[in-house]
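Each of the next two complexes has chain A plus one more chain, namely chain B in the first and chain C in the second.
Up next is the complex of A and B:
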C-alpha cells in the first residue's frame, strides 16, 4: 500500500493504456497540500464512471478524491447504491461489503491497520449514500460513533432511494412525492447531523457540493480530526436530478437553492477537534 | 447523435477563471492549458450534460462554451 504500486515496469509501458500511464505521471501523489485547484491540470484518481450526465454526486466524488491528504495510504469503504457503481473506477483501495455494515467493516480495517502499521498514517473513510448510513446501516454507523472509532464517515444524501426507482427514505423531506412514494412522506427528515453530534462525533458538517473549495476544506478537517481525535461525520447534499425531474444542467442550480434553505452550511467541532484544526492551519495543510 | 461541449477559444482566453473545469461532473474532461490560456474539452469523455454552459453563460455571463453535435465537433475540444 504505497504509491509505488502505480509504478509501471519500463519494459511493459508501451502496452499499458494511456490512463494508467497518466496515473503514474500526472496524478498528485505524496503531496498533503493537494486540493481541488489541481483538477484543471492533473490526472484524477477517478476515470470514466457510469453515473448519469450531470450527476452532482460525481462532482462530489471529484472534489473528495482531489482533497484526500494521503491518497496512497487511504482505504475507502463503500456500500450499495449509486456510489458503489463508481468504486471500480477509482485508483485507490476500496472495499465493498453488505448493505449497511460499512462502518463496522471500516472499524475493523482501521484497528487492524493501527496494529499492523503502528508507525504509518493510514486513513479509513466511509463513503456511502443516505440509505446505507441512515436507514439500513444506522445501527453500525452509530455504534462506530459510540466506540469512538477513528474513521471519517461521509454521507451522500440524495433524499430518496434513487438507484431502485424512487422509494422514500429516512432522509426524504416531509411531503415530498416520488415515483414509488405517491402519497408523499408523512414524517420529518431524520436530522442525522444532530444525531452524529449527540453520539460523540468530534467534527460534523452539513453542506451541499455547490462550492468545491468548501468541500475540500471540510473533507480535510474531517480526515485530520479523525486521524488524531475520533469519529467525524460529513453530510453532503447531492440531489438526484433524475428522481426530482430536473435536466442534466440543473443540478448546480438546485444545490445553490438549497444552500439557502435546509442545507445551509453548518459545522460543529469539539475543543479537541478545534486544537487539531488550528494546528493543521498553522502548518498550512488546511 | 448527441451533443458535446466545445470551448470558444477567443472568448475563453480573455479570462483566467477555470470555473468550468471545477464544476464539470466528469473526471479529466474539461482541462486547462497554461500555454494557450484557455480551457479545452476531452470530447471522448464528455457526456453532454451542459453544466459547464450553465456555469459559463448563466452564472458568470462569459459565454465561452457551446454545445455542438458530436459529429461536428472539433477533436481538440476548442474552436
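Up next is the complex of A and C:
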C-alpha cells in the first residue's frame, strides 16, 4: 500500500465524490505526528460505522485510526465480531481472518512484507474482540507472542459475545449474567494482559477508551515497539452498552467508572521497549 | 422486481454455467463466441453509440494515480467518454455504503444494479475495476438488468460481460478509441 493509491487522477477528479477527494487532500497521510488532536480538523479514515449508537468501540476505532503513525503502510488484520462490521468502512487495507486465527494471518503478512519490502516500514496490527483473541484464538495469539512476531495485537474487550446475543466469554467478569448466560459466569475473568507479559510481549497496556490522548500514546508506543523489538499487546475496555443494559450516552460514564476499578490504567514494558519509547519521545513522535 | 436480461445472451445465473469462458490471448468474447479483438471493439463501440445512456464505470486502477500507466489510462478514459458521448460514473472503492449509495454519482460492486436501474443505462464499459469485484458486479448486472456490458480488462477478461476484451492497456485503449471514432463516423453521428 502506498499513499499514491489515494491520489486521484486529475482527468477524472471531477467525477469523484467529496469524501474521497477529502481523503486525498485532508487526511493526515505521511505525518507520523498525527494523532487524536487532528480529529476535528482532518478527514478521518473511518467514513462511517455500522455499530450501535453510542458504542464505545466506535470511539476506540476513531482514536486508533487517528493515532496510527504510518497509516499508508499499515495493514490491519481483524476477525469475526462487532469490530468486523466496521472494517469495510475504513480507508486502509484490512484482512478479515477466520474466527480466531488473526495472529497467525498477521504473522504471515508481516514476514512476507519484510521479505517483499525490506527497505520500507510496514506495520501489521491485529484488531479483534475478546472472543477472537482470548477465547477462540488464544492459541494463535499466544503462539505469535512465543514466536516474537513483530506485530501489535489490540483487543477490544466488551466482556461478552455481543453481536450473537450475549453469551459469556472468557473475559466476562465472574458472576455477570447475560441474556444467554442466565446462571452467571462461574469463573474468573482471564487476566489476558498478564498472560501477554508471561508469553513474551515487550509492551502491554490495559485501559479503557475514556481518554483519547492516552489511547493515542499507548497505540503509538505499542506500534513502535512492535516495529523494532517484538510483539506488543493492548487491552482496551469497550463495554457493550446494550448487553449491560445502558443507554447510548452511558458508555463514557461506564468506562470512567471502570477506570478506577478493574480497568485501572496498567502499563508494562521491557528494557528494550523502554529504549525504543525513550528514543521516539526524544524524536517527538510520542 | 428485477428484470432478467435477454436470455439469448444473458443466461441466469452466470456465464460459466453456459460453458462460457474467458478468451484466449489476442481474442475477445462477444456474447458466446470467440472473435477477433477488433470485431469485438467495433461491436462494443456500436453498442455504446446506439444504446440509451451509455456510461463508463472507471474503477480504482484508473481513478487513482498509482503509476504512470494509470495516469495515462485516466486521460484515455476521459477521451473515450467524449468520443462515445458517454457519462462517467466512478466505482471509486468497494466499501459497502450505508444507508445507500447515490446512484447518480457512484456505482458500488455489491449492488451495481441500483445505478443501472436508476440511470436507465443500456450500455456500459467497466475499466480499471479489480477483477474480483468486476466479476461480482458483472454477474449481478447480467442477472438483474438488460444492460449491455463491456469489460475492458487488463488481465484475462470477464466472461459475464456481453463483450470481453482482455489485456487492455494504453495501446489497446487507444486502438478502441480510434475504432470508436470510425464507427461514429459510419453511423453519421
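Following the convention adopted for this analysis, the second predicted complex is superposed on the first by the 286 of 286 C-alpha atoms of A that agree within 3 Å, B and C clash if a C-alpha of one lies under 4 Å from a C-alpha of the other, contacts with A are read in each partner's own complex, and residues count from 1 in each chain.
By our rule, a contact is a pair of C-beta atoms (placed from the backbone, for glycine too) under 8 Å apart; a residue touches a chain by one contact, two chains touch by 3 or more.
The model shown is predicted, which means the values in this text are computed figures rather than measured ones.
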First (chain B), second (chain C), both or neither touched by A:16: second
Which of chain B and chain C A:31 touches, first, second, both or neither: neither
Of chain B and chain C, the chain that contacts the larger number of chain A residues: B
Touching partner for A:41 - first (chain B), second (chain C), both, neither: first
Touched partner set for A:88, first chain B, second chain C, both or neither: second
First, second, both or neither for A:50, with chain B first and chain C second: second
Touching partner for A:59 - first (chain B), second (chain C), both, neither: first
Which superposed partner A:7 touches (first chain B, second chain C, both, neither): second
Partner chain(s) touched by A:112 [first = chain B, second = chain C, both, neither]: neither
Common interface positions of chain A, toward chain B and toward chain C: 47-48
Chain A residues within the chain B interface of the complex: 36, 39-41, 43-44, 46-49, 51, 53-56, 58-59, 61-62, 212, 248-253
In the complex, chain B residues that touch chain A: 18, 21-28, 30-32, 34, 39, 45, 47-51, 53-55
Interfacial residue positions of chain A with respect to chain C in the complex: 2, 4-12, 15-17, 20, 47-48, 50, 88-89, 91
Touching residues on chain C, where the partner in the complex is chain A: 58, 60, 62-67, 70-71, 74-75, 77-78, 88-90, 92-93, 95-96, 98, 102, 105-106
